[in-house]
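Naming follows writing order (A, B, C and D), and every chain is counted from residue 1.
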Amino acid sequence: MLAKASDKWVWIVAGLLLVLLILIPFKWFLGPYTNLMIFIAIYTMVTLGLCLLMGYSGQVSLGQAAFFGIGAYFSAILSKTYGVNPWLAMLLGATATGAFAYVIGIPIFRLRGNYLAMATLGLGIIIYILFRQLGQYTGGPDGMAGIPYLSVGGFAFNTAFRRYFLIWGFCLASLLVSQRIVNSRTGRALRAIHGSEPAAESVGISVSFYKVKIFVLSAVLSSLAGSLYVHHLRFVSPQSFDFLASVVIVVMAAIGGLASIWGAIFGAAAIRILGDEILPRFENLSLLKSWDLDYLNIIVYGLLLIVVMVFMPQGLFVGMRDAFERWRLKHAQREAVT
Amino acid sequence: MSLDQFLQYLVSGLSQGSIYALVGLGFTLIYAVTKIINFAQGEFVMLGGMLSFVLMESAGIPMVPALLLSIIIAVVIGAIMYLLAIRSAKKASEVSLIIITIGAAILIRGIAGEVWGVDAVRPPFFTGEKSISFFGALIHPQALWIVGTTLMITILLHLFLSHTMLGKALKASSINPEAAKLVGIDTRAMGLVAFVLAAALGAIGGVVMAPLTLTSYQVGVMLGLKGFVAASIGGFMSPIATVIGGILLGVVESLAVGVDWGPFTSAYKDAIALVILLAILLIRAGRLAAEERGS
Amino acid sequence: MRKWFYLLLAVVMLAAAIPLAGVGCSSEKEAYVVGAIFSTSGAASDLGVPEERTVNMMVEEINDNGGINGHKLKVIVYNDESKTENALNLATKLMEQDQVLAIIGPTTTGSSLAIIDAVTTGKTPLVSCAASIDIVTPIEDRFWVFKTPQTDVQAIREIYGYFEEEGITKIALITDTSSYGAAGRKYLLEEKSTYGITVVDDQTFNSGDTNMQSQLTHIKGTSAQAVICWATNKESAIVAQDMQTLEMTIPLFCSHGVANQAFIDQAGEAANGVILPAGKLLVVDDVPDSDPQEEVLTKYRDDYEALYGAGSVNTFGGHAYDALSMVVMALEEMDEDLSTAEAREFIRDYIEDDVEDWPGTGGVFTMSPTDHLGMAPGSLALIKIEDGEWTWLQ
Amino acid sequence: MKSLILETRGLYKAFGGLTAVDKVDLSVEAGRITSVIGPNGAGKTTLFNLIAGVYMPTSGEILFDGKPLGTAPPHNRAALGIARTFQNVLLFDNMTALENVMTGQHSRSRYGFFEAALRLPKAHLEEETISLNAMKYLNLVGLGMYADRNPLSLPLGQQKLLTIARALATEPKLLLLDEPGAGLNALEKQSLSELIRRVRDMGITVVLVEHDMDLVMGIAEWVVVLDSGQKIAEGTASQVQKDKRVIAAYLGEEEAVE
């Protein structure tokens, strides 16, 4: 990267943001929002997977919650029922999810567009049904409670404060790794596929291989997020992985922007904050007293999806970024003229 | 399984399958003309049912006008959806269109929930509720209405597509949009026609089935999915293929309960449809890939 | 170029985050603050909405009568949207941000189970309004947790007891695969041998299914003398209707989950003849004056229906009534200058030690260190639907 | 006798009932510039797609460097040393010109996922080689100064040169150019001819499909003429120009066009 004057500022602001991120869970600052922030981190990881998939293979998965769920249940069942070390369970879960995504990805990614969307949707619902039906392992529709905390040596992540740092650590690491992959040979191959599949093939890039690869990566990220999710909540039930859950992930990705690593945080944060903090305030506004929160959420998601996709198919985040760039460019030109 | 029982499974499957077929027809129509899979199709079924209940029970409108009015309102919503969301996304990619129709689906569902609440409702039956015996298998009169409507619509749709100018234009733009444009067919208007027709089909389905299946703001998702499976079995080709697909699905689901096979209990009924869906899509994937390679 | 965008965004976020820090410390002085988590939307809103209405009604009445020892009562109701994941967030928010003295709800078993850990660590009493017995067992892990609704097991015993009297021994089950239906199925199978009952067919369906004829055809082919359907309104109504279509003559028993007017509306004619166990609230007029619950049932029903319309009362709101009443009774006895932590402990101790032979809408409660439900037997009635009306079967 | 780099034997391709390439025997000598010409619909692009592996032949076979290609998919053929450009350019608009060329180095580099994720030295080294090589090819086609530009912001002529640079970056033995001259002005065609010769001088065999007769006659050392999917003539430019069947085929077409 070239060192420009603005780079210094970027580093300073990034540093400030990091400090802010570190300070958030302290009681005297934004302590009450620790839980919210933890969910943002978890959903950022899931969204990131989908952003990569949509942005780089140009395909959508409507069953992303299934991978999130497989990771979650792997961790929950292995660590609670079979007493496996939670870290090992997490690793096994990620490996199994990755392997599953690979096996299923090879046939499924011969489809594209509408058919792929429907296939992933169907897959997601089948897995959701399995979560509910395999009651002897999963606890059925009621779910499982009392899942152990993660711990290192004698240090247990048994408070939200501690888990905050753990989970955000994972989240930032995922973002960093994804950022590196995108800027590498693999990332170029993926962008090439998104640009033009025949041209990508012509320079020696195996389109189907990379599509499956990114699908596996997205599944592994979701699975890790799922593991963190159960060790945070210490509770898991199929409800968190139903069709609507997959749609919410799509909403986050659409808001954050396809093919944008940092957009994933933006998307996850925007939707979580909207759903957890902003919309609930409307519920009790006398003007809108009759608004029912559940539907209000769905309505807002629906509107966001339509508006963003119609006007900024690249995603709200990227759309805003590009609009800002255009504005700056125009501004700079005008200045150059005068 | 006795013969009586077998017959009953068939009859139950047939009536349920007709429901899937009705929903599937809308998918087929829109897909054929616009190459869009309308994820909101199930919501029009919901709208039809809910509107007919509200108009009859709350507004006190007599049955026949209420039914017609519900279909008309659903059609208007379908047109609005096409004009505002689908058509304004001019150069949208297929993935964007998928997301847009999902957005429309949850938007419609959310508004319906907001307006009508969570409670399931049941509009009155068209004609009584004394079961009719059919070689020992019993069928609800409303189920006969459903089966009859499905048959009727399939025939009408078939006639419309092959015997009217508009229908032929619609068919032409589905077979070869470029050629259709050349002979002066406004393919975008055809898109609108397809959406409007599909909304009407969905709403008719909703209106006819709601007294039997009950309806609530959230029935659209699963019905939409099953309808899609029906359309997939039929290959998104023709109305008749879709109807066969729907009825096949209904009967398979119904028989699966009777067979009690292996670890699979009736709890996996929905999974059956989805496994069929995946199998079909994967076979299709193989065929598509082969076609692309030209072998 | 892009970097400027990120920079700008970062600054905006910083600016937005700072004022957030100050949010959430605006409770009225003097008021006692109690938290509630109800599913006022989503799948369980049938249950959550009457609970919220009940709480609003009670708060208004208490404050109109001068509050609790001069303190106003404030109940902060959060909606978990029928999602377990939200419940945990909301419980944490209630305890840490809103500093509530006790929490009532959540509406659903899943949400209740999900927050038990949190309230235990937060040392805040929870009076759940959800059904499952798992919420209050094992008791050693449920120090801070109470519940008010009857359990599935109680309802099932009521039905099975009736079978024993009537000499019914072979039954068929048809249950929803939802959390509610699955729990019912589990206890139906567990309890059957005590009553000498054989389950000859065990069918399930999914929430949202629109046709149960196949399952019922299967049942019809067995020697079952009665069908038990464990599900909520809509699916139970379809089962009733499909049984009618298939001209099945054996009686249908439903769960207490359908004890509300909506079920009768949905099932229409097919509802007639359905038998279900339910709180006495539905048949208040049939309850004899000698019954200890008679007074509270009549008052609650009259108050509720005066506000929300005739025929609107249901047992779920009653669970919230019982839960909040227990907390209010504790507050009435509480010293005024306790810290939040002390107050929380006092309320817990009070409910455990001092709720004794207290008639609520759901039953007569006697809490103890070994029983955090504490409901005396006989709190449920078997109710039959005749001509669209609830009638007491006993 | 020079060695043959590419050979097709009885290559036949039909789409449904429509025959696109009809039993074509093609022999391409290594190190030569060969041009495939023919009127519209003669099957030239289909022939290219068959060689590049986009389509599989209905019957017949293709030998590259003496070995049959079988059913190898396009990306494998690229790795073997068959590079191509497209009639409709197909540049990646989501990266810079340089990155476009860097993708060409894909099968000439190995490092993957983990090396990138962990930023291992291997990744760093290879990445450096890739960008140096890419820059080399970009300079070769004379676009070095536009490395950071979005390819779609360049004029069509330069876009075409960029696709050639991208193809060259795969370090091919055989370069297939699909109508490289279409849409270019005389000056641009001039530099294109020079570039093609330079590529040939690097030891790369060039096969081009081209409409522009002046361009073809100027650079092609061997010309193959297709009509209605069949090979009707081949030889040097001057030999072909005198062939009666070729004249008939072209006159027919020109009448139709004009």
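As a convention for this text, a residue touches a chain if its C-beta (ideal position, glycine included) is under 8 Å from a C-beta of that chain, and two chains touch if they have at least 3 such contacts.
Remember, predicted model here, so these are calculated numbers, not experimental data.
J.: Pick the chain whose C-alpha centre of mass, unweighted, sits closest to the average of all protein C-alpha coordinates shown.
T.: Smallest offset from the overall C-alpha mean is found for A.
J.: Can you tell me which chain lies farthest from subunit C, using the average of the Cα atoms as each chain's centre?
T.: Of all the other chains, the one whose centre lies farthest from subunit C is D.
J.: Roughly how many whole angstrom separate the Cα centroids of subunit B and subunit C?
T.: The computed centroid separation for subunit B versus subunit C comes out at 36 Å.
J.: Where the CA atoms of subunit B average out and where those of subunit D average out, how many Å apart are those spots?
T.: Chain centroid spacing, subunit B to subunit D, equals 48 Å.
J.: Would you kindly tell me how far, in whole Å, the mean C-alpha position of subunit D lies from that of subunit C?
T.: Comparing mean C-alpha positions, subunit D is 72 Å from subunit C.
J.: Could you pull out the residues of subunit C that touch at least 2 other chains?
T.: Those would be 41-42, 45, 177, 206.
J.: Pull out every residue in subunit B that's touching 2 or more other chains.
T.: Residues 113, 117, 221, 267, 270 of subunit B touch two or more partner chains.
J.: Give me the residues of subunit A that touch two or more other chains.
T.: In subunit A, residues 129, 133, 292, 294-295, 297 touch at least two other chains, as defined above.
J.: In the complex, go through subunit B and note every residue touching subunit A.
T.: Subunit B reaches subunit A through residues 31, 35-37, 84-85, 88-89, 92-100, 102-114, 117, 217, 221, 225, 228, 232, 267-268, 270-271, 274-275, 277-278, 281-282, 284-286, 288-289.
J.: Which bits of subunit D are touching subunit A when the two form their complex?
T.: Subunit D residues touching subunit A: 52-54, 73-76, 78-79, 83-84, 86, 90-95, 99, 102-104, 106-107, 109, 111-113, 115-117, 119, 123, 126-127, 130, 166-167, 169-170.
J.: Could you please specify the touching residues of subunit A with respect to subunit D in the complex?
T.: 177, 180-181, 183-189, 191-192, 194-196, 198-207, 213, 217, 259
J.: Sort out for me which residues of subunit C touch subunit B in the complex.
T.: Result: residues 41-43, 45-46, 177, 202-206, 208-211, 213-215, 217-218, 220-221, 233-234, 237-238, 241, 244-247, 262, 265-266, 268-270 of subunit C touch subunit B.
J.: Using the touch definition up top, name the residues of subunit B that touch subunit C in the complex.
T.: Touch residues, subunit B against subunit C: 1-2, 5, 8-9, 12-13, 15-16, 19, 113, 117-122, 129, 131, 138-140, 143, 209, 212-214, 216, 218-219, 221-223, 253-258, 260, 265-267, 269-270.
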